[in-house]
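One chain, subunit A, appears in both complexes that follow, with subunit B as partner in the first and subunit C in the second.
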Partner chain A sequence: MAAFFNQRNVIALLVLFSVAFPFITQNEYFLHIMTLSFIWMIGVYGLNLLAGYTGYLSLAHAGFFAIGAYSLGLLTVKAQMNFWLAFVLACLITSVVGLFVGLIALRTKEHFFAIYTLCVGYIIYLVIDKWESLTEGVRGLIGIPAPSNIGPIAFDNALSIYYLVLTILLLVILVVYRIVHSLNGRTYLAIRNSEDLAQTIGISTMKNKLTVFVLSTFFAGLAGALYASFVRFIGPDIGSTAITFDLLTYLLVGGIGTLSGPIVGTIIIVWVSQQLQFLQDYRMLIFGPVLTLLIIFYPRGIVGGVVDWRHKYQEKKNRKLSVNSLVKPEKQVKEG
Partner chain B sequence: MLKLNGISVKYGSYTAIQQVNIEVEKGDIVVLLGSNGAGKSTTFRTISGLNKPFEGEIEFEGQSIKGRSPDRIVQSGVVQCAEGRKLFSDMSVQENLRMGAYVHRRKKEQIKQSIEHVYELFPILKDKRNDAAGSLSGGQQQMLAIGRALMSKPKLMLLDEPSVGLAPLIVEQMFEVIQQINKEGTTILLAEQNANAALKIANKGYVFENGSIVVKGSSDELFANEEVRKAYIGA
Partner chain C sequence: MEILIQQLFNGLTIGSVYSLVALGLTLVYGILHIPNFAHGALYMLGGYITLTMMTSAGLHYWLAIFVSILVVGLTGVLLERLVFHPLRHAPPIHDKIAAIGILLFLEAFAQFVWGADYQSMPTPYDKVINLFGITFTSQRLLIIVSAIAVMILLYLFLKKTFIGSTIIAMAQNREGANLVGINTNKVAMLTFMISGALAAIACSLAAPINLVFPGMGHLVILKAFVIIILGGMGSIPGAIVGGYILGFSESLGATYVSNDYKDIIAFVLLVIILSVKPTGLFAKEGR
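Up next, the complex of A and B:
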């Protein structure tokens, strides 16, 4: 039974479930929530790559999310640009802004980095909020078009957009997986471990950090652009720090620095908070303490907790085996 | 090969090392002696580019490396094996070694050979190659730290207190390996408190006190020096 739940089967089941989801439930609302969760996940993956793997906690990600969303909105609504061209440009614009922010922000470290990026995020929010002639300020941008057709594929209903977002999410996960399991991924871990040490073995930390930062803002911009074309209306609120902390909560609950953490955290929080809608803002009274307990006892979130638990279980099993057999007990331990 | 000319380093207004002059010839083992906080580690951090000197000049193979970024200094052939066996403790032994060859990351064949070479020097690491580096014993961690530094194929290796906190028998082994690495063509600059063991394998040495060099000479001279004997050898 346990063998059935190996990594490959679990991934295959998850993909199968998400592909079949629209047929399991006919409820349009659930489909809407699921699509939105997928969009958040893309943003959370961006945040995870930076905060989880290099250890730089950026609090500007809602800002970059908003830059992606507003770039797409402005280019399609005001400049009447072709949707997909605007979509690609939105991601690029976000990355370029990310590059310049990163060049300065990455000169700071740890909590200084967090505070600096928090300010950057707030400045982006303010610019969007106050620059009325460009962004329409608090009125927001209305009438953002849905994705235009790609050949015969039209995106005129909720189902097709669900699959579009799912496809992009799977691509993002694949890219992140490839990065994390490459030398680059280990390099980022080395930087998180100790920057001085990474430098003394010849890693150019600035170059690597900047690459991750730009990539991470690219994912945030991608999520923002998808959000804009999915919800079709955007206001300055999407760049507010509350959104940053939403993303961060998804990441922390799921497991920072783990591959499946963003999926687990986002799904759980989004669905639980949907179920607790009737409590209105009082649901924070439940979320707050639960989150605090989780961080105290499972600093690497649900996924990290499960991984640790499995390690312990394996060790216990090995110890039992070695006691039972008594023949070359050391050998048994090593094989585990 | 390596020349430090009047190097001073400040942390804020505090002067960590002052007017340090060191010269290392190709093929040598040179030892820096001194108690904790005398300035040995700061000197190392300055050579590898982690600290910027306030004044003075650093030359490696005739070229100034002062102000170069740490990764470029590793590329030019100077690698530091930091004190306290700093490893990537979540990564396996073999992954740690691979990270050490970061500057040669495109040369797959060479990395393979280097790993084999390290396993020859430290056979125990081969047995433990899939274990997490954090699970190794103190001596094994030190071996891995040295092995990882070797992976970059350095011309000059800076070894910061490789014997600290190790059992006497392991210390002896460690110094034998250092000698062997030196014989294979790597010049070594060694910081040590264990003067007795270090001077036995070194060609010459410098004694640090409060951030300056107070005594220098060949290892025989330092052995004979009354003050050095009193302070560091204890006889």
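Up next, the complex of A and C:
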């Protein structure tokens, strides 16, 4: 059980680091980047729950992200609604749209599901782009208010927003952790591994898939709403397929179907992108092949690669310790 | 009435291009069961290579198309060898992601080499023709004629030649084809070659009436997916018929419904189809 305490320590250290981060750097720009990557992480967790744990690759997530962002933007700017009410509504609206899309989309499987969601994502993008009377079209939506005060806490500077986003991110991770390690999480894995088999042991696959889909869109909407209130300007581009592919890259590099994958992938890619600023438009020259190579050689990303490596290492150690009673290598998916 | 005929003609032009792209996609899907998201990038690449050959190397339009066919076809073969072949036993989600990686790379590559600007492709066939009250450039006529010629050639190749029938055999049953001595690796490469060539032809034909830019493959590939779902994944006649159905509904929709939303028509069509029949129209049963 030593590994468990180890893991707990690592998590505690990471949380401490992220809490202390603003005091370590003092650099406003780094803070901005960090906040932004936290927001992406929330979206990536949504995608991970669906693509990683249930095996359904949704390419509509930028669309749901945009729905969350635009709901918040429109409710606060055009309807002059209270921020937090709009925030909650934005997440709910996204989930409801997700519910209806999911009801139909989840009737399809594999390739059809990917193509279907890709088209849904494109429809959302086109609607946002063309419906000028509501969304202002390509001009974008400006003047989205920052989060309003909760009691004595005001969100008027970068630091407070950083902590707000961090808190929400930690909550999201906790929720995802609880889901993945619950019976429901096991059910999702069963669906991923074989849907027919899952059905034969009495799992209502449609109900479970729909739950995951709605949850996943909820996270995407949450990320979108946070993004809108953080950047305070949104254009139709946030709903484009490029954003979906970005999210997918974060997830893949970190490790699809792992709990820490979204954090690792997002942090690495976002910081590498920052270092490669001069490449901005061409960064896909690097990330495209990386994505393809990863899926060929390390289909479970960096985290999956490390976990596999550790398993092999432990197996070797075990073999040395007890040559006779060879411990069977653990086949089960273990999260890093 | 004249508007209707004009729009039907336009539909025929767009439909021809869509059919060619969808044919390439459906061939690959039929053989390897990969939804090749990178196909749109191959299409874009074809346009750029034809354009470069014409402007920089000063080649004639047809010669430029020929070079483009070769280059894109070989790119297709490379992709099969380097990416899809190693992934042939992987879960289906991996193929899709790998294809997306290629798509992102090729797009960034095009932007890197040729810039993000919209470029127009010159054509020797820009005469305006007036026929039965409808006006069109000879390029549009060329698109229709050459697309149909390519389709007939492809049909003859698949049905009448030995190599062509190996492709069909492999689409029907991969193991079976292997058992009777067909080299499935070679067939897979050949299929990617043909698929890339079709994309290059489609783009080179369509580029003079559109524009050439790095993102030009986006909409086309999405629509091609709609078409092959419409016509049945892997079905060749389905891709052709589907292409023309979409071409007509788009050009008519643009005139009679709304020009702004004409791109949505395809996707709404798809959403409706998949809502009613989750495995697509004309899907083969018991796959």
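To be clear about the criterion, the second predicted complex is superposed on the first by the 315 of 336 C-alpha atoms of A that agree within 3 Å, B and C clash if a C-alpha of one lies under 4 Å from a C-alpha of the other, contacts with A are read in each partner's own complex, and residues count from 1 in each chain.
Basically, a residue touches a chain if its C-beta (ideal position, glycine included) is under 8 Å from a C-beta of that chain, and two chains touch if they have at least 3 such contacts.
Values in this document were obtained by computation on a predicted structure and should not be read as measured data.
Applying the touch criterion given at the start, work out whether A:186 contacts subunit B, subunit C, both or neither, answering first, second, both or neither.
The first partner, subunit B, only.
A:55 in the overlay: touching subunit B, subunit C, both, or neither? Say first, second, both or neither.
Second partner only.
Given the touch rule stated above, what does A:196 touch, subunit B (first), subunit C (second), both, or neither?
first
Is A:252 in contact with subunit B, with subunit C, with both, or with neither (first, second, both, neither)?
The answer is second: A:252 touches subunit C but not subunit B.
Could you look at A:204 and tell me whether it touches subunit B, subunit C, both or neither (first, second, both, neither)?
first
Name the chain, either subunit B or subunit C, that contacts more residues of subunit A.
Between subunit B and subunit C, C touches the greater number of residues in subunit A.
Taking the two structures together, which residues of subunit A meet both subunit B and subunit C?
Of subunit A, no residue contacts subunit B in one complex and subunit C in the other.
For subunit A, which residues are in contact with subunit B within the complex?
Residue list for subunit A touching subunit B: 183, 186-187, 189-190, 193-194, 196-197, 199-206.
Enumerate the contact residues on subunit C facing subunit A in the complex.
Of all residues in subunit C, those touching subunit A are 29, 33, 35, 83, 86-87, 90-94, 96-98, 100-109, 111-112, 116, 218, 222, 225-226, 229, 233, 260-261, 263-264, 267-268, 270-271, 274-275, 278-280.
Provide the residue numbers of subunit B that touch subunit A in the complex, in ascending order.
48-50, 69-71, 74-75, 79-80, 82, 86, 88-91, 95, 98-100, 102-103, 105, 148-149, 152
Using the touch definition up top, name the residues of subunit A that touch subunit C in the complex.
Result: residues 51, 55, 57, 104-105, 107-112, 114-116, 118-120, 122-123, 126-127, 130, 241, 245, 248-249, 252, 281-285, 287-293, 295-296, 299 of subunit A touch subunit C.
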